[in-house]
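Look at the two complexes coming up: chain A is in both, with chain B in one and chain C in the other.
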Partner chain A sequence: MPLFGSKQKSPYELVRISRDALATIIKEGSGKKAEKATDEIGKQLVAMKNILCGVGDQEPQTEQVAQLAQEIYNFDLLLFLVNHLHRLEFEAKKDVVQIFNILLRRQIGTRSPTVEYVRSKNEILFTLIQGYENSDIALNCGIILRECVKYDILAKFILSSDAFYQFFTYVELSAFDVASDAFSTFKDLLTKHKTLCAEFIEKNYDKLFEHYVKLLTSENYVTKRQSLKLLGEILLDHHNFSSMTKYVGNTENLKLIMNLLKDKSRNIQFEAFHVFKVFVANPNKAKPIIDILFKNKEKLLTFLPKFQTDRTDDEQFMDEKSYLITEITKLQKP
Partner chain B sequence: MTDAKRYKFLERIDGKDNSNNSTTVWTAEDSKSGNMIAIKRINLENKCIKDLEILRNEIAAVRSFKHPNIICYYDAATVGNETWLSMPYYSYGSSVNLFAMDILPNQKELLLMHVLRSVLNALIYLHELGYAHRDIKGKNILISANGNVCLSGMDKATKKSTFKQDWVAHEFIERAADSVVWAAPELLAQDIHGYNCKVDIYSLGMTAVELAYGRIPFDDMPVTQILLEKLNGISHARIHSFIQNTTDVVFSNSFYQLLDSCFKSDSDRWSAVQLATHPFFKRIKITNEDILQEFLHLAKPISEFKVSEGDY
Partner chain C sequence: MSGKVGEQEKVVWPRKSDDYELRELIGQGASGSVYAGYCKPIKQTCAVKCINLEMCGIKLNEIQREIQLMSQCNHTNVTNYYTTFVVKEELWLVMRLLAGAGILDEVVIATLLRDVLKGLEYFHNNNQIHRDSKSACIRCNMILSILSVDFGVSNWLSEESDRSKQKVRKTFVGTPCWMAPEVVDLGSGYNSKADIWSIGITAIELATGTAPFSKYPAMKVLMLILNNDPPTIETNQDEHKEDLKKYSKVFRKMVESCLQKEPTRRPDATELLKHPFFKKAKDKDYIKEHLLNKAPTLEEKENKMKVKKRDYRRGASGVLHRAEDGSWTWSDGEDFDESSAGAVSNLEKKQPSRQEPKPVSESSRSVGFIKPTNDFVTLRLMIYYIYHCYLEALKLINTIESITNELESAGLVGKQDLQSVAMALDKAIKSFQTIKSLRFPMVIGPDVVKDEGRLIGCGQIDIVKVL
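Up next, the complex of A and B:
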């Protein structure tokens, strides 16, 4: 606490000063004034964080939190902070993430006012997604995005926008940390809200898998491996039953997965196995699928018994493999 | 420029000669900046999906730190089935190498002060952010050419609370076998009392012993036995008698008091902030890296530890 004057600023002042400082940073770009404004905003963010989290043993005060939240909505501060995140200092960026995520979790009865706010200012979500293009803020944006995606209305909004398809580019980036972070958000979007996701996948099946095939054939090892694993998870989730049926009825898919079974990476072969088994285990195989499997019957029966025989401690895998061998042996000329 | 072409690898410096290692460390020249850097090459094909997740979290954590005594990563690039983590080159390797050289006992204490104090700075920063490092040991403390001391090995770090240091965690660290020696008893106990960021202070104490004496009180014991001794509370007696019986190096009283403060049971153990005020550190007159400079000409930079080409 300073010795003289300067009693704690009100939530209104904190937010207003931040907005003014941001305006200065935007106007000045660089130089002394911008630096001073950057310092200023850093201080206000710390003060806001303290109100939201409490200091030391002190619990946050509900009334102050409510006032601050209200001022933040009134001034569109979240929107501005996200839009200009790259201009802030290192620690200030992290403070924005904390403030944003605490506010998101805030509830009044059954309402989540910040979630509603973000939904009404959808530019916020677009900017956050685009954040993956700037490595200085990519991980900060990723943390906020994953918190947003926990709420079905926000997840639904992203899925229904074209911005969702930008993820197919981000998960393939060569920066391991950024690409993996993007993949983690991408995965949450496709799996977190079961009914919503199933509906999305079913409705957008063609467009989605047209994009997805690029991930499965990616030059990027991490993308290829993670997307193949995720594909297995999606197909085996009973919520996605109708999309799964569609997927395993397509001969192009089967050919791709059979090629991946022979990939030079053992891990990719392994993940491919978990997709391949769905084709074979399907009790209502379409005729073209049976045709392909039958045509490759001999090859498969030579290949599978020798496939990753050292995974003896993975009992489920061993069981599934012998089940596939039995099923393929039973295949009759269609 | 693709990352594969950007770096010119010079020498392997992780000191292992097994060609099947999934992780190797190299010195390299970054053609973009012209700087000599270090690159950790991690073969992802030998990692399970869970390991990839751990790696992602580790990089994200390191990316969120900005502190002179904590390692930073420049870049994490996927190249083929490897990830190349580029970072500053710490030419003197780990603190274990540094303390392995012949130094006079009174100088050794000065060096200890400097190294431990630097790690403590890093811990104050981490604990404030709600992180526990959970793997403090000599091997994870790196020394740069200008004597900067830097904490690395963030793969076991965990974040429990963003705001408060009084959190309690219960989960056990996976793949912790090679850190049992340094681990605090309450971290190993996995009981309902849990643990908090003071586990790092215990490990700092063990690191102090490790560096001061050049070996650890449990050196030839099997891991399970160390674990049992820690759980049964008899490890304290062992550490005590180890120090008593090692008479070839003697330190000032305040050093032994420092160890006591680190090895107390967790409720009485000092926090990082408290420990920074310990009398042991009061004797640091020059607070900058000059202290280390005096010794570094005695030490060998690791790039001199030539690895012959046949080894890899």
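Up next, the complex of A and C:
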């Protein structure tokens, strides 16, 4: 017997009522009935969240959680909620995010049943990615996506689909909040799972960098700065050794980075420096690379000592800079 | 029709800087400035916060996190943003312009102001006048709390100044709306009592959402401060008069005591803290519960305001370093000029200057206190404005034309006199070291008798103080 208020609905009821309410919203579009259904689904989502998180000091009850999860899979509720996320109220959208993410983290032994479920329903990930195109739900989708990307099978699935290349458009969207959220997901996809990412970058090197150059030369200051920083991180990660070697062997890349060294933004210059140093520090420089560096030897030796001299508190930077100067001084006519 | 459930027709805020008109500066922090703005395509007012991303100390991912956090908040007391986009090296956040009455209840106001006053008391006891105790700093407006916790300008009184004269500052800074009359009137000098005036204005702002004269251009605000009676919470709030009735007598009395034109009659911070109004103040948790979920505590803000200094550099251009001139050389005599030329022309593209207040909009022009006749207008104020311009001119060229334009749009000078005013200004600027005052003719109606002594048919520029 419940102590307060109306009796608690079973997980089955919660899920079924939500599905029905969602169906009503889809059918009605707007009007009184749809409004009522919107309220209804909001309530069910709160109740589900309470089962998953527990209320107050109460720990969530394993059995209830298991039942609820099962019903959610059975009814394909996650799929439905994601597909119709834009129809929900502000708080309901947030509840969906929470419910989704808690379920993703749920483990039975070593298995993650929700992760398996999401993997089996490709549509969910595609819909979430497409969510970036609708600013009403973009950030909600982004939060779920980043939770998904934490699991290598889901990350791998996105990377191997063409949908991944949509991110190159999303990170340049004019809405900063959406674009930067997309960038965080994009970054996670390229860095979270070291071996997987390295393999992906290596295998898709040409296509990837053909797209990536557009980010580095973007008109959008934030895109340019962020993508340059990420490039530095990718190249300096030893997992990506073979891709790095390929990158620093290409003269077009060197030219681009040297130009960015002279960008009008100090931050972009600084990020460019961290990529440039890889070209110079490479012990096995290709001849065309040496050619360019040698041709610019004098200019570089004037430029570098004056480059961002006020960063005196950044010891690593100072060291690296003087290392580069030494290396460039040593350059001989090839 | 596939209308969305439970949503009213949504306004789509454009994401191009051209679609916005930045009108007046309403707040300035270390990371950027907040402007009262107007979105032209959808005809809506808004606040635009411009954050300079090139400034050191700001990490992109921190800003992203804050914005994401804001996007997940939906509370009436927490300012959410309408849209946000990148403009050159700045991030623009378009937010609701806090306007309209009854934004905060008295308990909240008392609590906030008490804390500000305590900060001020500390400052005053330490010989520092706090220049802008405007509520931008305590607006409990999430974005301001997070992205610009600094408390505006604090200026140490010059130790070199004549001590017998009780350490009086003589600079012309601050946001005009919060300025005490004696601050506007450079001749008289001012002291810590000027901050008490600002507290009074801040109280009004907290109660009504706007500072009394905030809808006018800077020049006119100065006029109004000097010539009008001290403002009350009802000043320029005709549309919201009804909502303002809820404010109590004791609150009004407190505001009134701060806003006395004669500085000596105002209480000092310590005395003001004893005002019965502040009995309403609760502890900081009350504010936390009511307003700020994640914002830094007032203590943190106070700490910040002790160290922060206003950064005068505006826009991104001020902090840019141009690296070594000259292009790199590629092999095979490949031509590199193209991209290098691109870089240079980029540099030359100037950011639109926003320093000078924008001309008033059509609507506020018609509300004007001063009819656009010039018979009696003394242009004494103008010279203050010139100083103001001079101060800023180091970064930004303020032309005579821009001054006359503003005078015109503020309704202070009619078209027929612009030429004459411009010439007088030019002369005043050129010879400010040798002359003290200069008069110039102004057009008058046929039935008005010219009287130079009463400034009928002529205007006057007084050189009050040369900085």
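One rule holds for everything that comes next: the second predicted complex is superposed on the first by the 328 of 334 C-alpha atoms of A that agree within 3 Å, B and C clash if a C-alpha of one lies under 4 Å from a C-alpha of the other, contacts with A are read in each partner's own complex, and residues count from 1 in each chain.
In the analysis below, a residue touches a chain if its C-beta (ideal position, glycine included) is under 8 Å from a C-beta of that chain, and two chains touch if they have at least 3 such contacts.
Everything quoted here is computed from the prediction, not taken from an experiment.
> Would chain B and chain C fit next to each other on chain A once aligned, or clash?
Pair status: clash.
> Please determine whether it is chain B or chain C that touches the greater number of chain A residues.
With both complexes superposed on chain A, more residues of chain A are touched by C.
> Tell me the contact category for A:127 with respect to chain B and chain C: first, second, both or neither.
Once the two structures are laid over each other on A, A:127 reaches no partner at all.
> First (chain B), second (chain C), both or neither: which does A:259 touch?
After superposition on chain A, A:259 lies in contact with chain C alone.
> By the touch definition at the top of the document, which applies to A:34: first (chain B), second (chain C), both, or neither?
In the superposition, A:34 contacts chain C only.
> Now for A:243: first (chain B), second (chain C), both, or neither, which partner does it touch?
neither
> Touch test for A:98: chain B only (first), chain C only (second), both, or neither?
first
> Where does A:226 make contact in the superposed view: on chain B (first), on chain C (second), on both, or on neither?
both
> Classify the contacts of A:53 with the two partner chains as first (chain B alone), second (chain C alone), both, or neither.
first
> Of the stretches 112-120, 166-174 or 274-282, which one of chain B hits chain C?
Clashes with chain C appear only in stretch 112-120.
> Hey, what residues of chain A end up touching chain B and chain C alike?
In chain A, residues 90-91, 94, 139, 174-177, 180-181, 184, 220-222, 225-226, 265-267 are touched by chain B and also by chain C.
> Given the complex with chain A, which residues does chain C contribute to the contact?
1-6, 15-16, 53-54, 56, 60-61, 64, 67-68, 71-72, 74, 81, 83-86, 88-89, 91, 316, 319-324, 326, 328-331, 336, 339-340, 343, 346-347
> Applying the document's contact rule, which stretches of chain A touch chain B when the two form their complex?
The contact residues of chain A facing chain B are 49, 53-54, 57, 90-91, 94, 98, 139, 174-177, 179-181, 184, 220-222, 225-226, 229, 265-267.
> If we count contacts the way the header does, which residues on chain A are in touch with chain C in the complex?
Residue positions touching the partner: 25, 28-30, 34-35, 37-38, 86-87, 89-91, 94, 139, 174-177, 180-181, 184, 220-222, 225-226, 251, 255, 258-259, 261-267, 269, 288, 291-292, 295-296, 299, 302-303, 306-308.
> Spell out the part of chain B that touches chain A in their complex, as residue ranges.
Where chain B meets chain A, its residues are 2-3, 44-45, 49, 52, 55-56, 59-60, 63-64, 66, 75-81, 83, 162-164, 166.
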